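The two complexes that follow have chain A in common; it is paired with chain B in the first and with chain C in the second.
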Partner chain A sequence: MAQATFRIWKGQGDSAGFKDFVTDATVGMVVLDAVHQIQAESDPTLACRWNCKAGKCGSCSAEINGNPRLMCMTRLDQLDLTVPVIIEPMKSFPHVRDLVTDVSWNFRVKKAIKPFKPRKPDAPDGTWRIQQQDVERVQEFRKCIECFLCQDVCHVLRDHHKHPEFAGPRHFVYTAALEMHPLDTENRLGQMKDAGGIGYCNITKCCTKVCPEHITITDNAIIPLKERVTDEYYDPITRFFKIFKTNQ
Partner chain B sequence: MSEYQTHEHDVLVIGAGGAGLRAAIEASAAKVSVGLVCKSLLGKAHTVMAEGGIAAAMANVDDRDNWKVHFADTMRGGQYLNNWVMAELHAKEAPDRVKELEAWGALFDRTKDGRILQRNFGGHKYPRLAHVGDRTGLEMIRTLQDYGIHQGIEVYMEHTATTLLLDGGRVVGAFGYDRERGRFRVFKAKAIVLATGGIGRAFKITSNSWEYTGDGHALAYNAGADLMDMEFVQFHPTGMVWPPSVRGILVTEGVRGEGGRLLNNKGERFMFNDIPDLYKNQVAKDTEEGWRYVTGDKNANRPPELLTRDHVARCINREVKAGRGSPHGGVFLDIAWIKEKLPKAAEHIKKKLPSMYHQFKELANVDITQEAMEVGPTTHYVMGGVRVDGVTQMSTVPGLFAAGEVAAGLHGANRLGGNSLSDLVVFGKRAGEHAAAWAKSHGQGKVDAGQVESAAKWALAPFDRAGGENPYGVQHSLQDMMQDKVGIVRNDGDMAAAMDGLAVLRKRASAVGIDGNREYNPGWHTCLDLPNLLTVSEAVTRSALDRRESRGGHFREDFPDKSKEFSNHNTVVRKGPDGAMRLCRERIPEMRDDLKKVIEENK
Partner chain C sequence: MSHADLRLPQVQKLGQTSRTDVWWLQPLVVLLGLSAFGVYATWAAFQARDYFYHTGGAHYLSPFYSPLLYGAPHEPRWIDATLPSWWPSWMPFSAAFLILAGPGAMRFTCYYYRGAYYKAFWADPISCSVGEPKFRGEKYRGEYRLPLILQNIHRYVFYPAAAFVIVLFYDAFRAMWFTRPDGNGTEFGVGVGTLVLLLNATLLGGYTFGCHCARHQIGGYLDRMAGRPIRTACYTCVSWLNKRHMGWAWVSLVWVGWSDAYVRLLCKGVFTDFRIF
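This part shows the complex of A and B:
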């Protein structure tokens, strides 16, 4: 049976650093299995988040050989096991311990975004009529499992630390899902322009590349939102008519 | 006690899956202060894994459906051990709960005329499951989460409750710790709703996440509540079997709902060989009729793959044992064959079952649009749980409520697919409503410092035993034993051995130790989860030993048939005065005549 070395970020604060662990690598194994094996064999204190182990909950986000990935969906046979596999916590969030980071900022950002506000029901029994094609557009965004890998890879957050001024790709996807929801009547474009700082995004599409749900974040969520913000606030013709309207 | 941070709420909800979130939303709507404690981050609970859909007799696809048919299906699926009060309320209220989800932002797949689409599922007579592809649970939890965060609920993420605090038999709070820093917390509450889910981690092959350690079951049991129907554990027929690291991960019943067929290694569609009496009028006579059923022909009967989960799991088990299994000890589940019937089958499969496609492609190198999957039974759900009042969801301990998987009653001996998500919202709402009402009519109780101190002392004990056995070792031994001896096929000898084994494991569990500190230390957390796993394992084993028949999820090779003697009672376990587990048989109350009639009409 083959063995592999896992170089894992271990510890807290200034004393944290890489530590090597060796464990068996068997057929079909994923990185999360290796972490579990290490917990059971050599270090029960090794901290990581996980839940479903099937790519559905978005808990086990980490950086594997420098790539933001879900540990449960990264197979060992896709990695070069002749050299140590490097596993690190996400870099865009404060470190807690080992592979765990403090992602609470994301929950605060989401809470600040105006909630869903449906139009009046279409039928007397309180239900709506929506066509499948109108649902599908938004369903893509609602596939998001909140793994925050898109937040992790985004240079506006990762390198420029614009956390207070920039909501990040996850929350643009969330907002796009609300703005394009066939029943929604709220307007969040002002929020996106100001508190959300959508202008900081310069569409490098890194978020789209790392999304484990294959959501086309940049093209389908961020760019349409940017266009709507532009139409609402910066379009000269609309502005002209708005001035005209105010004067009346 | 003052040294621990204390939070005070009217209602404390433990668990933030579908049931916990729905309970918290309802309690908050009743204008009481609500705290919501969950072991993981918000939105990661096991509800996220639910795939197929939520059952509700909305009759959007087949207008013959109504609450009566749903009620009769649920009772038949549960082999009539269900709490019929709950089965009735569930069937009547599920449609409103689904519509409410839509009003809160959920986007279900649609019918041609723009209403919520419903799909076929095992044991449901008509297409009844509202769904979003095969990620319905994600849609549901996200909807409840995104609505819930604006309802003034205080959420305590990554917190674990270890002990319920009692005052003269009534529940007055909970003791626990935050996982990140390991600090102890005292939650004072007038009412507590348990919504902690199931016990799947007591078994080796399971679709359940680490969280499913029977916390709520054990919290309730230790507080003096009754646990009921614990012998009924559902082994979902289709979990992945290969490669080994993904063994147990769920393959949705939706695959069969879309026409997937089960085959043995001879290519036989073996499900046609064994049709149970209760369903003999409801099963297709051949492949052709089965296909017509899944494509919406109202005059056709269901294919046998869509019989109840207990039956399908046993048939698969039998094929494997008889040497007719797939190379890795399962059978074949084939959806690719529908290309014989549909022109754009591959696209259709990817659209209807996107996460199954994804899951097999990425984890098993299998393209389900082209080849068959290998599947076998996996521990999925526990029908048993805290015994509750069917209307209020209050347990036998005053002020303690339970909803969702942790509660018993709705599903009887076997749960129908899709009835779990509806259970969460129907009874989550009821638990929240009645917990809030209880809180309004009762003052804050007195928290006893002695109880808090002993809970804290107990929780820290593993650190005093640093160098003791690794807790994961004990957990793995327990999982191996339960899988082997109290799993899908049971008998007296194996289970008696399991009882002895549990005594040994208890000793080992009381000696586990952990190094390191209290901050995000999964080994420590596992030390504290072990007693819960042992309690539920004992409850399952004792109850299963006592039921000397086979019914629903409980199959005994030494008593392979149903027995009249066991047809009208539930098995109940509770903690005796000496601390040992006591078992008794509780007679099922006589069903109302009008409901009996409903069952007759739907035979």
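This part shows the complex of A and C:
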């Protein structure tokens, strides 16, 4: 049976650093299996977050060989096991211990975004009628599992630490899902421009590349929102014509 | 968002990463590709000659010089002069100066190219999850403030760029008509040059009409499109092109450069055009 070395970030605060663990790599294993095996065999104190092991809860986010990924969806046969596999916690959030980070900032941001506000019901029984074609566009955004890998890779948070001024790709996806919803009547464009800082995004598409749900974050959520913000705040011609136009 | 404060130190230095793949390859290819095109286009624009091939009755105009506003009398010029009257006499003139600004601005402010050259030329970030220069740190302005907020001008650049595509299709159409050997009128024909110019217009069309701003304005700004069949069809087409925008961007860039080079090499007599029929 082949053995593999895992170089895992271990510890807390300034005393944290890489520690090598060797364990067996068997057919079909994913990185999360290896971490569990290491917990069982050599270090029961090694901390990591996980829940479903099926790529659906978004808990096991980490950086594997420098790339933000879900540990449970990264198979060992995709990695070069002749050199140590590097596993680190996400870098855009406060570190707690070992592979665990505190992602609660994301939930605070989400709470601040104006909630869904549907138009008046279409039928007397309080229900609405919408066309499949119209909801299809936002369906993609609803696949988000809140793994925050896109937030982790985004350099606006990762390198520039604009957390107080920038909502991040996950929340642009969330806003796009509400903003483009055929029933919604709320306007979140001012919020996106100012508190959400969508202008900080320089469309490098790193978020799209890491999304385990393959949401086309940049092209389908961020750029259309940027265009709507431009309509509303920067483009003098559309601002003028908006007086006559409806976006419904 | 303002109610969700969080302060963290910058952890990675420029180029620092745990990535083990060749992360520098893509930005390097973009850097070299865009630089090579920029150098070639500038050189070609300064030549102010060898842009119109008319040997053997052909009618090939280099896309860098189209629409040819000013030119010699035998060339398909739009204005009856070799150079604008307001042009200072001490400055060299090339019709391409007036042209390249349009498509140049389109590419410079294009959403795809922006993301690509921010990485390749400004290391902002140099590649995904690779560290950036420390000095930028929290001073980063992105496209939120001046100067890059001006990139929002892109939607206005789209319209002239779309007009250029139409002119290039007209050029390709003109390249299908060859002057008869006896000099009396023209006849239909197809040479390799015709195909080069036709493909050029098609590729530039695929790039230009797949623009994110076009997608927004053709229907993306709407939340409900059901019951609007024409709009839906247009939006679907633009979205189809838009999905492959990066591919169109590169193929059309290379081909427009090659189209100019092809006409130039014909004019210089490096090779002759093959008339298919």
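Please note the rule applied: the second predicted complex is superposed on the first by the 237 of 248 C-alpha atoms of A that agree within 3 Å, B and C clash if a C-alpha of one lies under 4 Å from a C-alpha of the other, contacts with A are read in each partner's own complex, and residues count from 1 in each chain.
Following the convention adopted for this analysis, a contact is a pair of C-beta atoms (placed from the backbone, for glycine too) under 8 Å apart; a residue touches a chain by one contact, two chains touch by 3 or more.
Being a predicted model, the structure only gives us computed values, none of them experimental.
Of the two partner chains placed by superposition, chain B and chain C are both touched by A:131.
Contacts of A:83 after superposition: chain C is touched, whereas chain B is not reached. Residue contacts after overlaying the shared chain place A:181 against chain B and chain C alike. Once the two complexes are laid over each other on the shared chain, residue contacts for A:161 go to chain C alone; chain B is not touched.
Once chain A of one complex is fitted onto chain A of the other, the partner contacts of A:11 are absent, as it touches neither chain B nor chain C.
Touching of chain A by both chain B and chain C, each in its own complex, is seen for residues 131, 181-182, 184. Across the complex, chain C is touched by residues 63, 65-68, 80, 83, 86, 88, 91-94, 105, 108-109, 112-113, 131, 133-134, 152-153, 155-156, 158-165, 167, 179-182, 184, 195-206, 209-210, 218-219, 223-224, 226-228, 230-231, 234-235, 247-248 of chain A. Of all residues in chain A, only 12, 26-30, 33, 39-40, 44-59, 73, 75, 96-98, 100, 102-104, 107, 110-111, 115-116, 118, 121, 125-132, 135, 138-139, 142-143, 145-146, 178, 181-184 touch chain B in the complex they form. Those residues of chain B that touch chain A in the shared complex are 40-46, 48-49, 99, 102-105, 107-110, 113-117, 132-133, 135, 138-139, 142, 146-147, 149-150, 157, 180, 209-211, 242-246, 249-250, 355, 358-359, 362-364, 470-473, 476, 514-516, 519-524, 526. If you check the complex, the residues on chain C that touch chain A are 1-12, 17-21, 23, 111, 114-115, 118-119, 124-125, 128-132, 136-138, 140-145, 148-149, 152, 155, 212-213, 215-216, 220-227, 232, 242-243, 245.
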